[in-house]
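Heads up, the next two complexes both have subunit A, just with different partners, subunit B and then subunit C.
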Partner chain A sequence: MKHSTFFWFVLPSAFLMLLFIALPVASVVTQSLYTAHEQVLVTVENCGPFGCKPVTSIDQEATQALNADKPLGKWAGLDIYKDRNHLAFSEVASAWVNVDGLPDFGKTLLNLPFYKAMAFTLTYTFVVTPLTIIFGFFIAVAVNSVAKALKGPTIFLTLLPFIVTPLVGSLILFWMVDARGILGTGLQWLTNNPDLSVKASTPLMWIMLMVYGIWHAAPFAFVVFYAGLQTVNSESLEAAMIDGANRWERIRYVVIPHLFPLVTFVALIQLMDNFRVFEPIVSFSAQAHATSLSYAIFNDLGGETRLLSSAAATSVLTIIGIAILLSPVLIRTYRDFSKPS
Partner chain B sequence: MNVFKIATLGTATAVLMGTTAMADGHACAITEGRVNIVGNEFPAIQSVAAAALACASGIDAEANLTADHQKINLAGMSGNPAEYTSAIVANSSIVALINEDVVRPLDDLVAMYGADIPSHQLITIDGQVMAVAFMANAQHLIYRSDVLAQVGMDAPTSYEGVLEAAEVIRAAGIMDNPVGGAYAAGWNLAEEFVNMYLGTGGDFFEAGTANVSINNEDGVEALEMMKALTAYMNPDYLTHDSNATSAEWEAGNVALMNLWGSRSGVLMDDEGSEMVVYSNTVAGGPLTVGDSGNAASTLWWDGWTVAKNISDADAEATFQAMAYATSPALLNEETMSQAVWLMNGFEAQPVNEGVLATVAAGASPYPMLPFMGLLHTAAGDNIADFLQGNESAEQALADIEAAYTAAATEQGFLQ
Partner chain C sequence: MANKATAQPLSVKFLATSFLMFWLVLAAFPFIWTLWGSIKVEGDFFSKANWANALFGGMTHTETGGSFTGDGYYGAFVEEEFWRAALNSFIVCFFVVTISLTFGTLGGYALSRSTHRYAFWFLLFALIFRAMPPITLVSGYLLPFYEYNLWGKLSTTIIVLVAINQPFTLWMLHAFFKNIPKDLDESAMVDGCTRFQAFRHVIIPVMWPGVITTGLFSFLLAYNDFAVTSMLLSKDNQTMVPKLASFLGTTQTKGNVMFAVAAVVSITAPLFVMVMVFQRQIVSGLTAGAVKG
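This part shows the complex of A and B:
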């Protein structure tokens, strides 16, 4: 292809990527390096239905002058990244020196919001992603062997968890596992423990969030693998059968190698999705037990005072986290493609 | 006979026209400008917004009432011209709007169109009117008179009394978890802490500064009392917001709780619960904690503001519509019990008694400080660990202080 043809061919998508991906990321990175100006505080008399009281307030004129002078705010460099609500460098360093033993250090670490969020996010990602792929694969194999007349409805029903909006799906499960819900009561009956409450226990809440994550994402893996199964060469399968391979051996030595590139694809998408886990935490009101980086961003922006720089820093940390998670898969894909064939 | 019919019809027509004339008679002759209201969603605010829209029916007028109003009001008022011409706020949420300078002083509009507004409704900051309050709200005890009568106890006036009554009710086998409360991690839990801490007599900040100081005896006392109460609550209390707490009450599972006055009307009406529950639901006064004698509750007002970045015509239209909607004209049989209205002509209903008792007990207003929201968020994120027994009260308080300090430094309140 001529260079000029290639240039005009990619120009629209390059422009759109610049506009909708690169620029917002650059804006978030910039925001995370600045903080609000030093607030000029004054004491004023404040009156209302409950009487008058002197209170501290912001001097609007002085603050406006500062803002007009430097609209971006005060240059902070990496201060936001280093503060206690993010990477907490000084807290971690002092904990390392002061605590006795590794368990105590871990406990101190998990008391810091960023590391607490990371603990759940990483556990969630590394439990949900492989289980999604495994369940998705077995559902695909099972559906593939259903009688032809039943295939359509079976596929539709199997896809349902993926179609249901995450917020709604998790709310439904939230009420089902309530101590008076059908699943909650069922668990109490199974364990013979009338006081068992999923919502009150951190380990059970983590398990429930992960079960929800798998339930929601497995249909995605299923539909990808199911499409892949349609392209398995039937001659190879027949040859394997003639060689005396049983069903499991055919899956193990013919189907799985054929689907392996799809596993990489599903793993990439799922790693990204699961690292950004958010909706179930909100729907399950699980913030007392589990938080994630996305939840921290939501929390920063949802309070009465919006913490824009803090949310921006957490967003950048999320991007870095996803980049680290994806790097092994990406490097592998790159190697596969650059192999001389 | 015909004459009688005509006379009746005539009278009816005259009455109807008279009513219309009265509605038009107030300052509702708005001919130009635009009104767009953003606010929280509960019956009293719905009534106010409906009245404002009716008043501004001749011009472009709309309202967006949602529980997520705080997430959109600042963004919707920051543009020029602002999308929302008025935000209905409370004494905590007005601070964010004032901090960002998106609401205008109302003195000139009060002089032109608001001569009837009594001075106790005007919220003035540094001598400038910034909002007009229309209702008061507070959390207070709500109890089941039949359950207390069954165990032969009076309504408690302190949290110690609540614990005592809860133990007796549980021991008598009437209810497993007789205490309720909006203890959902986040804003609700922090609000309970703010109430309890003020009840112990503590101050949140070193006077005149943004330096937080809650890691003290008062803070520990407040947290210990909250933890003692949770022993008598449904084990899922960390997921119960005001809605879920009300549902627990209506299901008849709870006999004592501290909840918003603005929600007591829903608990006392005959919808959603059995007669034994709603007919025995009584609004008590505020509770105290320890021996300080302070009410462990905060006073709140709800009021309206006018956006800064809008034309004078829009501001005048908005002011007139909102002033009409929060004037005595709003009060009728249906709206009277929806809130503790601050307008002249309000007659207290039984559901309002709790809020009025809280005002009478001299509870503090929720602190209107520019950095209070940051402390509230920090508290909401860090108390659950203590209540679940993962850490000590001192550690939880230290965590709140550290989280607040990092956020306040970022916002420029601390250096």
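This part shows the complex of A and C:
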């Protein structure tokens, strides 16, 4: 394809991505280096019947003018990254000196908003991703063995948790584990503890969020593995059997190696999606027990005072995080492409 | 399956079937339960006294006189004007899908036919963009959108969703176009077509399966989005998902959690129909990137 034809064909996509993805990233980085203006204060002599007093008040007009003049705020350098809500350098340094032992240090870190969000995001990503793959694999194997007529309905039901809106899916589960819902009551009965409430307990909340994550993503892994199973070469299976491999060995040495490239694919997509975990925290109103990086940004942006700079700094840190997470994959893709094939 | 290598002994079959049963209940029961609960009153949906109330509707009987009630739906759609959100969702999804596919087919086709190195770099950057959580971009949009008075409009959100959708659309359509033989359009060009004419008259007629599948996923992304729509739409322009989230904030205190339940069912219903009609396409779409490499 000629350069100029290629250019015209990709122009609309490239333009949109440049304008609404690349540029905002630049804008986020810039924003994170600025901080909101302080309010302009004026001191006036306030004279009453008992003499004159100097009174300090906010000059609304001047503040507004300043904000309109420089909407980004004032230059702050890396200060926002260093403050308590982000990397919290001084708090971490003082904790390092003052606490006794590593567990205590960890506890102090988890009280800082950014590290708390980071801890949950990483735990979620690295627990949910492998479990999704394993669970999806087993569903695929099970569906593969049902009668042909039942396959359609089975796949339909299996797809539901994946297709449904994340906010809605997590809300449905949340209502069921509510202390007055069917699963919540069931849990109370099982543990014989009438006061048990998922809402009130941090470990239970973490577990529920991860259960939701697996419930939501397992169908995706299932579909990919199921398609992979259709292409397993039955001749190699037979050959393995003739060579004396039992059922488990056939799965271990024929089926799993065949599916392995798919595992990398599912893992890649899952790492990206789990790292942005966000909606379930909104639905579960879990912010007191678990926050994620995405939720922290959402929280800064919402509400009365939009903390743009704080949200921007968290966004930059999140993007750096995802870049580190995906760097092995990107390097491999690059190598695969560079190899003469 | 007469094949001996794939035949299963009874114990394995039993194990597989019971696991599958367990999973199917896990996958489908929450939806059935919520659908059933949405036509009850709150006292039954969240029953302190007896969980079986939710099944038989004891409170619903005492409060409304019937076994079922449409109060939740009435409250959500009429009192809280959920229909407006449904209409907005429809507008957003329609335009996001149309624009995404138009831009995506052009770009995806070019990427699948170009042998130059920059096509690879283009795809790699698209992959990086795909990996970025949408909410990180939102914090970059707000200030410029306020400045230029673009915030809160449906059209702004549509364009933003199209842009966020592009990396995925490009990857998927690129994979589909790779499977359409090059000879097809090249022979048209030998016959004197320009590249665009070849695309228009030869490729477009055969690309529909891929386009429909990609369109389904664009639709899902626009329909399910919460991060972008909740931050970029004003209250009047909200689509269904952010509207549902606003129910959670305001009406839960008023005791109208049933509005939210009705909204949840209303959001889920179109998705059910979609999966029923397009199951094949969804399955083939999910595997397109994976199986073919």
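Brief remarks follow.
Keep this in mind: the second predicted complex is superposed on the first by the 277 of 341 C-alpha atoms of A that agree within 3 Å, B and C clash if a C-alpha of one lies under 4 Å from a C-alpha of the other, contacts with A are read in each partner's own complex, and residues count from 1 in each chain.
Definition applied: a contact is a pair of C-beta atoms (placed from the backbone, for glycine too) under 8 Å apart; a residue touches a chain by one contact, two chains touch by 3 or more.
Just so you know, these numbers come straight off a predicted model, no measurement behind them.
Of the two partner chains, subunit B is the only one touched by A:H37; subunit C is not. Legend: residue contacts after superposition of the two complexes on their common chain; A:D195 is shown touching subunit B, with no touch to subunit C. Contact with subunit B, but none with subunit C, is seen for A:E45 once the two complexes are overlaid on the shared chain.
When both complexes are overlaid on chain A, the residue A:D178 reaches subunit B and subunit C alike. Subunit A has more of its residues touched by C than by the other of subunit B and subunit C.
Applying the stated contact rule after C-alpha superposition, one finds that A:H3 touches subunit C and leaves subunit B untouched. By the touch criterion stated above, A:L301 is placed in contact with subunit B and with subunit C alike.
Applying the stated touch rule to the two superposed structures, the overlap between the subunit B and subunit C interfaces on subunit A comprises residues 178, 285, 301-302, 306.
By the touch rule above, subunit A contacts subunit B in their complex via residues 35-39, 41-50, 53, 55-58, 60, 63-64, 74, 76, 80, 83-85, 91, 111, 113, 178-179, 195, 197, 199-200, 202, 284-289, 299, 301-307, 309-310. On the side of subunit B, the complex with subunit A involves touching residues 70-71, 74, 91-93, 95-96, 98-99, 101, 120-127, 133, 136, 184-186, 208-210, 234-239, 241, 299, 301, 342, 359, 365, 367-374, 376-377, 381, 384-385, 388, 391, 395, 399, 402-403, 405-407, 409-413, 415. Note for the complex: subunit A touches subunit C at residues 1-3, 5-6, 9-10, 12-14, 16-17, 19-28, 31, 71-72, 138-139, 141-143, 145-146, 152, 154-161, 163-169, 171-173, 175-176, 178, 180-182, 185-186, 215, 219-220, 223-224, 226-228, 231, 234, 237-238, 240-241, 247, 250, 261-262, 265-266, 272, 275-276, 278-279, 282-283, 285, 293-294, 297-298, 300-302, 306, 308, 311-312, 315, 318-319, 322-323, 326, 330, 333-334, 337. Remark: subunit C residues 3-6, 8, 12-13, 16-17, 19-20, 23-24, 26-28, 30-31, 33-34, 37, 45-48, 51, 54, 102-104, 106-107, 109-111, 113-116, 119-120, 122, 124-144, 146-147, 159-160, 162-164, 166-167, 170, 195-196, 220, 223-224, 226-227, 230-231, 241, 244-245, 248, 260-261, 264, 267-268, 271-272, 274-276, 279, 282-283, 286-287, 289-291, 293 touch subunit A in the complex.
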